[in-house]
Structures are given as C-alpha cells and as structure tokens.
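Sharing a structure here in structure tokens format.
Lettered A, B, C, D, E, F, G, H, I and J in written order, each chain numbered from 1.
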Amino acid sequence: MKSKNRVKLLESFPNSFPNRDYVIIHQANEFTSVCPKTGQPDFGMITIKYIADKKCVELKSLKFYLQSYRNDGIFYENVTNTILDDLISVLKPRWMEIVGDFTVRGGLQSKVIATYPDNKS
Amino acid sequence: MKSKNRVKLLESFPNSFPNRDYVIIHQANEFTSVCPKTGQPDFGMITIKYIADKKCVELKSLKFYLQSYRNDGIFYENVTNTILDDLISVLKPRWMEIVGDFTVRGGLQSKVIATYPDNKS
Amino acid sequence: MKSKNRVKLLESFPNSFPNRDYVIIHQANEFTSVCPKTGQPDFGMITIKYIADKKCVELKSLKFYLQSYRNDGIFYENVTNTILDDLISVLKPRWMEIVGDFTVRGGLQSKVIATYPDNKS
Amino acid sequence: MKSKNRVKLLESFPNSFPNRDYVIIHQANEFTSVCPKTGQPDFGMITIKYIADKKCVELKSLKFYLQSYRNDGIFYENVTNTILDDLISVLKPRWMEIVGDFTVRGGLQSKVIATYPDNKS
Amino acid sequence: MKSKNRVKLLESFPNSFPNRDYVIIHQANEFTSVCPKTGQPDFGMITIKYIADKKCVELKSLKFYLQSYRNDGIFYENVTNTILDDLISVLKPRWMEIVGDFTVRGGLQSKVIATYPDNKS
Amino acid sequence: MKSKNRVKLLESFPNSFPNRDYVIIHQANEFTSVCPKTGQPDFGMITIKYIADKKCVELKSLKFYLQSYRNDGIFYENVTNTILDDLISVLKPRWMEIVGDFTVRGGLQSKVIATYPDNKS
Amino acid sequence: MKSKNRVKLLESFPNSFPNRDYVIIHQANEFTSVCPKTGQPDFGMITIKYIADKKCVELKSLKFYLQSYRNDGIFYENVTNTILDDLISVLKPRWMEIVGDFTVRGGLQSKVIATYPDNKS
Amino acid sequence: MKSKNRVKLLESFPNSFPNRDYVIIHQANEFTSVCPKTGQPDFGMITIKYIADKKCVELKSLKFYLQSYRNDGIFYENVTNTILDDLISVLKPRWMEIVGDFTVRGGLQSKVIATYPDNKS
Amino acid sequence: MKSKNRVKLLESFPNSFPNRDYVIIHQANEFTSVCPKTGQPDFGMITIKYIADKKCVELKSLKFYLQSYRNDGIFYENVTNTILDDLISVLKPRWMEIVGDFTVRGGLQSKVIATYPDNKS
Amino acid sequence: MKSKNRVKLLESFPNSFPNRDYVIIHQANEFTSVCPKTGQPDFGMITIKYIADKKCVELKSLKFYLQSYRNDGIFYENVTNTILDDLISVLKPRWMEIVGDFTVRGGLQSKVIATYPDNKS
C-alpha cells in the first residue's frame, strides 16, 4: 500500500481533557510486515505512547492502519519512523514515542525507538 | 450513573500524618465498564497513587465508587481522567496519579496515565 | 492457496534411525492466517509432534508450507486438522499430534488439539 | 436473564472432521457475574474443553452467552455446572469439561471443575 | 481454641448437582498458626480439593474456621490432617484432599498432603 | 500492645562503617495485623530501607517488634508511618524509607510508602 | 564427619495419624558440600518426600543433619543415596523419595532422584 | 571429529548403589554444533536422563564429549540419536533418555526426544 | 581471525531518518568465543544499542561479524570493548553502548558495559 | 581466615581499555558464611560492579577470595563493606559498588549496598 493512502486510514476524535498533559499508550502485539530483502514475513510489537493535544487516535482505525503493512516490504528502522511520521501528521501530539520490537531473525532480536520531538528537533 | 451521583459515593477519613509527604497506592484489579460504541464490556486495572493532604480515601467507598462504572458506557481516556477529577474534588491531595490499564481489544492493549498537578497546571 | 498446491510445498528427508521410536517436535511461533468471517488476521502458534517412520519433514519446506496460510481465510478447527492431514499424507508417520494455539479474540483464547491415530481410528 | 433464554444465545456450526476425536478449548478470561448473597461482583476465567461430535460452538455466540451472566446472581458451583448443562444440550459433545477459576474473595481463591460424562454417568 | 468448638464454625449448603462427580477447590493463601515448640508464628497456604456428595462448604464459614488457628500452637503435619478430619465430619464428601504448604523455616520449606479415602482406607 | 511498650522491643548495635553512606534493606514477608473496622486479619510485606548513622537495627529484635502487631487493630496508612516513627526514634538514621505492601481486600491491593526526611521536612 | 555419627543427628517424633497414608515434603534450598575431586564447594537443593509409618522426622534435627555435609567431600550420586539410606534407617517410612538438585558446574546442571522401595526392591 | 574418536572421550566411574534403580539427570545448557546445510552455528540444550547399571558417566568427560560437536555439521535428529547411541555403548544403562532442545531458526523451535529401550526394542 | 579482517565483515546501509535522534537495538542471544586461559568455550549475549548518524549496521553482516569470534580466545572485558571499537569505526554513530552478558563460570556470572562517548571522552 | 591473609588471595590483570570509563559486573550466586551469633550458615549473592582504572580483578582469584568466607562468622553489614574495602585496596577502581543479597532468616530477607566513593567521601 502506498504511504499516502495508508495515512488516510487513521481517524481521530477530539481530546476531552486538553487542559491536562496526560499519557495514552496503545500496544499492538500482532504486527507483521515483510522483509524487503528476503520476502520473508517479519513479526513484532508496536507500542505507541503520546500526549495528545487536540486529537486522540481512534482505536479501530489504528488497527486497520497497522494491518495495512501486512504484505508490504519495509525495514525495521523505516517502519518505526514511518508510523511516527504518520501519527504526527494526523494527531499533531504534544509528545510521541514509537517502539518497534521485532522477533528473532538469525539469532538477532531488534528494537527501534523513535521519539518526537527528539534531541535534534 | 450520573457523574454527580457517583462522586457522592466517595468517602474520606482524616490523614493522621499530615506533616509528612508519604505515598498511598490502591490498585483495583477488577475494573469493568462498557464500550460506548459497541456496548461490549471492557475490563482493566485502575491504580490510584497519591500524597494525601488532610484526607485519605476510605477503601470500601472507593470500591463502591469504582463498581458504579460497571454498566456505564465510557471511553478509556475519559474514565481515567474522570476518576482523577472526582478524587481531586473529594480529597484535595498534594499530588495524584491515575493509571488505567485495559485488556486487549482487536489486538491492541491500552493504558492511560493522568497526573495532578501536571506540566500544564 | 489451494490445498493441493499447498501440500506440494512439503519436503521430506529419510529418517536415519528408523529402528527407534523417537519423538520430533517443531513449534512455529509466528503462524498467521485470516478469519473467513471477518477478514481480520488471526495469529497463533502451531506445534507439530510426531514419531517418524521412514521420513522426517524438512524444516525450510515446513516454514514455507506454514507461511502459505498467511492470506487464506480458514477457521481454527479446520487449519489444525488440515495441517495434520497434509503432514500425514507426506510423512506417513507412526504417530502425530498438531496443536493450534490462537491469540485472544473478543476475550476468548482458543486451542485445537488433533492426533493421529485417534481413539476413533 | 432466565436460563431458558440464555441457552438460545448459543449457536453452533457443523464439525468438518467428525471422523476424528480431537479436542477444542476456549478460554474466557473476562467472566463476571454477581454474588447472590452480597450483590458484589465476582470475576473469573471460564475454560471450555470438548471433543465435538456433529457440532462445534460458534465463538461470537459463546461470547454473548457468557456475557449474559454479567448482572445475574449465581454461586461458583452453580455457574460452572449450568454452563456445562447448557453446552451439552446444544452441542451434544462426545466429551466436555468446564473449569471455573474465580478471583480471591476474603483470602480464598476458588475453582470448580465439572466433566461430562463423569464417573457417575 | 478447642477442636470441638472449631468444627462448629463450619457451615454447609446443599449440593445442587449431586448426580455429577465434580471437583471444588478452595485455596486459602493467608493461613497462619503458631509453632508449638518455639511460640513463633507459622505462615502457609491451605488448599482444599473435594468431590461433594450432599453438602458443599460455605465460604465465609470456611474463612472463619481457618482463622481460628491464628493463635493456636500446632505442628504442620497435624494442622493438615485435622482440617481434613473436620471437613470430612461436616461434609461427608465422596473424595477430599488437603494440602498445607508452609513458608521457609531454618532453610526448610514444608508441605503436607492428606487424602480421603487414602490407600489404607 | 501499647506503642510505647512496642518501641522497647527494638534493639540496635553500633554501625562499624559510620564513615560510609551505605544502604541496609530488611524485607519482612510475613507481616500480619488486624483491621480495626472489621476485626479481620490483614497480611502484607514490610520493607525497611535505611542509611545508618551510629546504629543498625538488630534483626531478632526487629522480628519481635513486627510480630507485636499480630493481634492489634491498625490501618495500613498508620502501621507504615508508625514503624517509620519508631525506627527513627531508636536508630536516628541518616535516611529511611518504609514500604507497607498489603494483600488484596475487596479487589483492592494497597501500598504505603513513607520516607524520612521527606519533602516537607 | 563419619556417616555413623551423622545419622545420630537425626531425631524423630511419633506420627499422630498412622492410620492414614499421607505425604510429607521438606525442601532444603541451602545444601552445600565439597567436590571430592577438586575440593571446590558444591551447592544444591535437597527435597525429602515420604509417607510416614510410626515416625516423622523432626525439622531442627534434619537441618543439623543436612548441615553436617558442609565441609565433606562427596559426589552428587552418593550424597542423594546416602541421605535416603540414613532417613530410611531412622524413620522406617512406608515410602520415600530424595531429590538432589545441584547448581551448574562446567555448563552442566545435575539432578539425582532415588526412591524407596524402588523397582528392584 | 569422527564418531569413533568422539566416543573415546567418554569416561565412567562405578555405580556405588547398583542395587537401587535411581535416576541421574545432566542438563547441558550450552550445546552448539553447525548446520550441515548452511554451515551456520546451531545452539541448544542437551538433557541426559538415565538409570545406571554398573557405570555412571564422569562429568568432566561428558563436558568434553559434548564440546567435540562444536564445529561439526550434524542435523538435530541425528545429534540426539547419536548421543544416545554413544552413551549406551559406554554405560550400558538400564534405561536412558536424551532430549535435544534447539533454539529458534526461521521461526521454528525444534526438540528431539530419544529413549532406550523404546517401544520397538 | 585477525581483528583487521573481522572489521571487514561489517556492512552498513544509509540511515533514512538522519534528522531524528532515534535508538536502534540488536540483541544477539547466541554469542560464543573461547577462554584464552583454559581453551574452554564461553557463551553469552551481546546487546548493541546506538543512535545512528549517516549509517545503520546491516543485520546479516553483523551476524557474520559476531560468529567470527566462535573459535577465538578473548577475555570478556576485551570482547565487549573490541566490538564497540569495531562498530564505531564502521558506523561513526552519534552514541553507542555494547553490553556483554556472559553465562556462569565457577559460580560467577559476568557482564561488561561499554559506552561511546563515555565520561572520559 | 584473617582479613590480611584474605586480601592476598585477590589477583588483578592490567585493564586493556584504560581510556574508557566502562562498567564490569561479577555476580557470585553461591556465597556462604556463618552467623557470628548462632553459628548457623548464611547464604547469599554478592554482586561486584566497578569502573576499572589500571587493574581488573582476575576471576579465579575472586572465586577463591569469596570462598574464604565459607567458615568465618561475620554479619551481613560487615561482609559487604569488607569486600568493598578489600577490592578497593587491590584494584583502586574509579568507582565500585558491592551488593550483598542474603536469604530469608526468621521471615526477614536482607540486602546491603555499599558504594565507593559515597556521598560522604
């Protein structure tokens, strides 16, 4: 699926407590995509942690958004950063962190942690 | 149950050690409410962490207060913030944090953490 | 993928110790298929336990066989029994058990255990 | 809800592998009912284990059947045996076991295990 | 407390499913008594497992019965067998097992398992 | 037991390393007292963490001190703060923290954390 | 310590429930002896499981008996069988099993299980 | 290393308790060999469980025997059965079981269990 | 293998998100080398944690690089620092940490943690 | 063993990476000494964590040093601080922390944490 079309899957609802800085965490234990090099399926857990400003992500749309990666070839580093970019563009959160935690491949277990704003922002 | 009536369920007793900033934690493992969209039951764990000022929350009344959500439709984000608002109004604590930790729905596990006072206060 | 084509993915190699009744177990932690009713992805763990006769299943071919279910719609009960039927037809084992252990859906976690030969055989 | 009406919630689908004795297990982690003595909510886990004959229980209908106990007053021993009776009447399984595993009350954790056919049958 | 008076604390209610051999388990995680030699408190977990005949043990009365040992001096072997004798006399079960699981004393952790009827009965 | 008499149970021995700020932790897993409202036994774990000045608490005397609460009615908040006050009066530590971690009552698990000196000191 | 002297450390008390076949288990988590080849300390867990006839082992004497191995050189296989022989000679139990569970040495973790009476008795 | 040379690494010592059928278990957590197809290293845990007759395996020699597979290419099924054959030839045990438990490769975790004498013996 | 040759095994690919400081973690659970003193194999887990600048480490090359230590004699402290030096020279990361977590030898379990830049840099 | 003689058991080797501040951790799971009051054996785990300057502790000598406490009577607080003093005198590390984690005695589990340099240094 093209990245532009994927973002359209994400829906939001208004944050009812915008005067408070509070943290929302959604953990997707059943993420799967495809390795762009070998064509083999990859499996992992995606954790989304954020402080909402005006919008919260709607859960069903988030589920469909994450499922859209199912048959796409994409690297660990890129899938984590792309989810961060897409959610920032839709929610404009005060703060957000995405953790991609992938299962063992060739004896190596990988994790990628991307945060907004980061030290360079 | 209407929010105004719900707050009336909460009772307090005087803090015997008001000269000390100490932390009290109550964890309710058996919280349940109803999803406002689907009408399906939601399940979770509510953790209340606070530094009392003049009042401590009475445990039996806290149990009845949390049970009052059993058949009400309310979102994860709102139930967590509402419990924080209600306990602040009754206890006027020096500091308080509510964590709502909800079970898996559609492969997504959610958590909401609201604190008083927060960065915006 | 059609069932007939799927079986062709399975390859075997000769059992080097046919004079001994010994047990071989392969556990696939990353099985995924699609729910035939909702179109939503299902996730689970497939465990294959058998006493070989003349043939052992080749591991790489087993991986590809199990991956072939990735985008097919099939019920828990049927996927477990079909894997049993396919492996029996290729390996002709002395004894075999397939366990399908599927993740939570709507608060229900499911497991199917099929054995050959069973009590009715 | 009256017991007669409750059974009507259960639906079945035909067993595709009736020539094999295989085991199906569904575990409901979010069961809740009400204590008939105190009116307080009870929480627990219901495990259904059976060998199907001609019919398998449909999962969505099983979810609604178990949810129908939410606001009914019923003892641990009775809820477990009633679920067994209801599922037998609908599925006519070759064998079935129900385990009710209830959370701590007054420092006591309870479990009830009912099987069909049992030693007395 | 004298043993005769202790038994009087136990109450029962009629078994609603006497035509079925089913198992009931109650686990008391907070048992405490006193060591008859040193006067030091002992702590442990008492598990009661039985197949009821005409009577089931009432949970609140069981709690009070177990609490009655709180300040009595009694050995591990004897407390386990005495609970078995007392429950047999009140419930007349078809089968019963008591497990006493006691915490570490002097680097030794002890467990006593008594069953009715046993091999000698 | 009266609070004044209870403190007398605590004994100390001289700190052999007073020139070093080091941490001593004692965790009592078998604490029990009585609920002042219901008369029912409470169970929990008391953790004592401190930086000694001139005195360390003697372990056997600490055991007897904690056992002296066995049949006294006292709230969670008060037992934790009282243990802190008593140990401060005897040891005059540089820093001390008491954690009371109590078992589930009515679905609620409670924890109290009191520190000396605290933010208000 | 000589084996003859070691047995004298074991004391017993009369079994109060000789008409019942019940199981007693003592687990010693802090066993240590010395390797007869290297002189290096060995560490492990000794579990004693038995059905008493006329006598039960007294716990304090069991502790001292097990401590008597502290500085003696003895192999895993022999220490487990010797403890079995010594306890049989003192208690004359109806049935007994000793499990010696030793920590890792050179990447190998060892366990010895000796039972009385065994298949050869 | 050639299989004949490998067996010579195994040493034994006389069983001091030949009149008793007792079980000895050695678990090697750090087994490694090489995949004969890919040349990639394999890792696993080898468990040796046996009833000795006249001889017990000496631990240090067992360690060197297992290390001798380090750079040899051999399949999971064969390594497990070969270790069984080698230990039988040296120890002539009354009963023996070897379990090879190998780490995940391509999402598949494998285990092989070989026993002597087996059902076919 | 000589250190110079070993570094050549490492390959990199361009970082697609150089404008963000994000963390990448690879954990190798199956590291093995040889003790330079005893010639005995060592086993451990190597964790690589870094913030990429222009380059990310390619996973397959990292696997081969770590496997190249299989038959080399090197101390725990040195292997950890050498991996850090080699990865710095190839990736020139903004920040990097290597953790070597080695299994028990003679009752001692060792861990080495090296970071770039460290306090002395 | 006298403290002076004990220190002589410790050997060191030169730190190959003195230009880097990196952390070395050795955890001894099988520490045992004797209680100076009761003569009963104590058991625990000693963790040594340090930043080396010119010298690293040699592992075999560390094992013998820790074993030298086996039959000496010494309090928890003193054994932890003495190990810290001895290792400082031999290694002159940039930073060091010793944690002594002792098993349950009389229902109390103890831990001592000593650091160099500490707040008072």
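The rule is short, and it goes like this: a residue touches a chain if its C-beta (ideal position, glycine included) is under 8 Å from a C-beta of that chain, and two chains touch if they have at least 3 such contacts.
All values derive from a computational prediction rather than experimental measurement.
Distance between Cα centroids is largest for the pairing of chain J with D. Counted by residue number, the contact pairs of A-I are over half the same as those of D-E, the matching pair from D-E, A-C or B-D.
Here the CA centre of chain G is 28 Å from the CA centre of chain H.
Measuring from the averaged C-alpha position of chain D to that of chain F gives a distance of 46 Å. Centroids of chain F and chain H (each the mean of its C-alpha atoms) stand 53 Å apart.
Work out the mean CA point of chain H and of chain I, and you get 32 Å between them.
The set of chain F residues that touch two or more partner chains comprises 29-30, 40, 43, 103-104, 106-107. Residues 77-78, 80-81, 104-116, 118-121 of chain I are the ones that touch chain J when the two sit in their complex.
The touching residues of chain B, counted against chain F in their complex, run 15-17, 19-30, 52, 56, 59-60, 62-63. Those residues of chain A lying in contact with chain C across their complex are 29-30, 32, 40-41, 43, 67, 70-71, 103.
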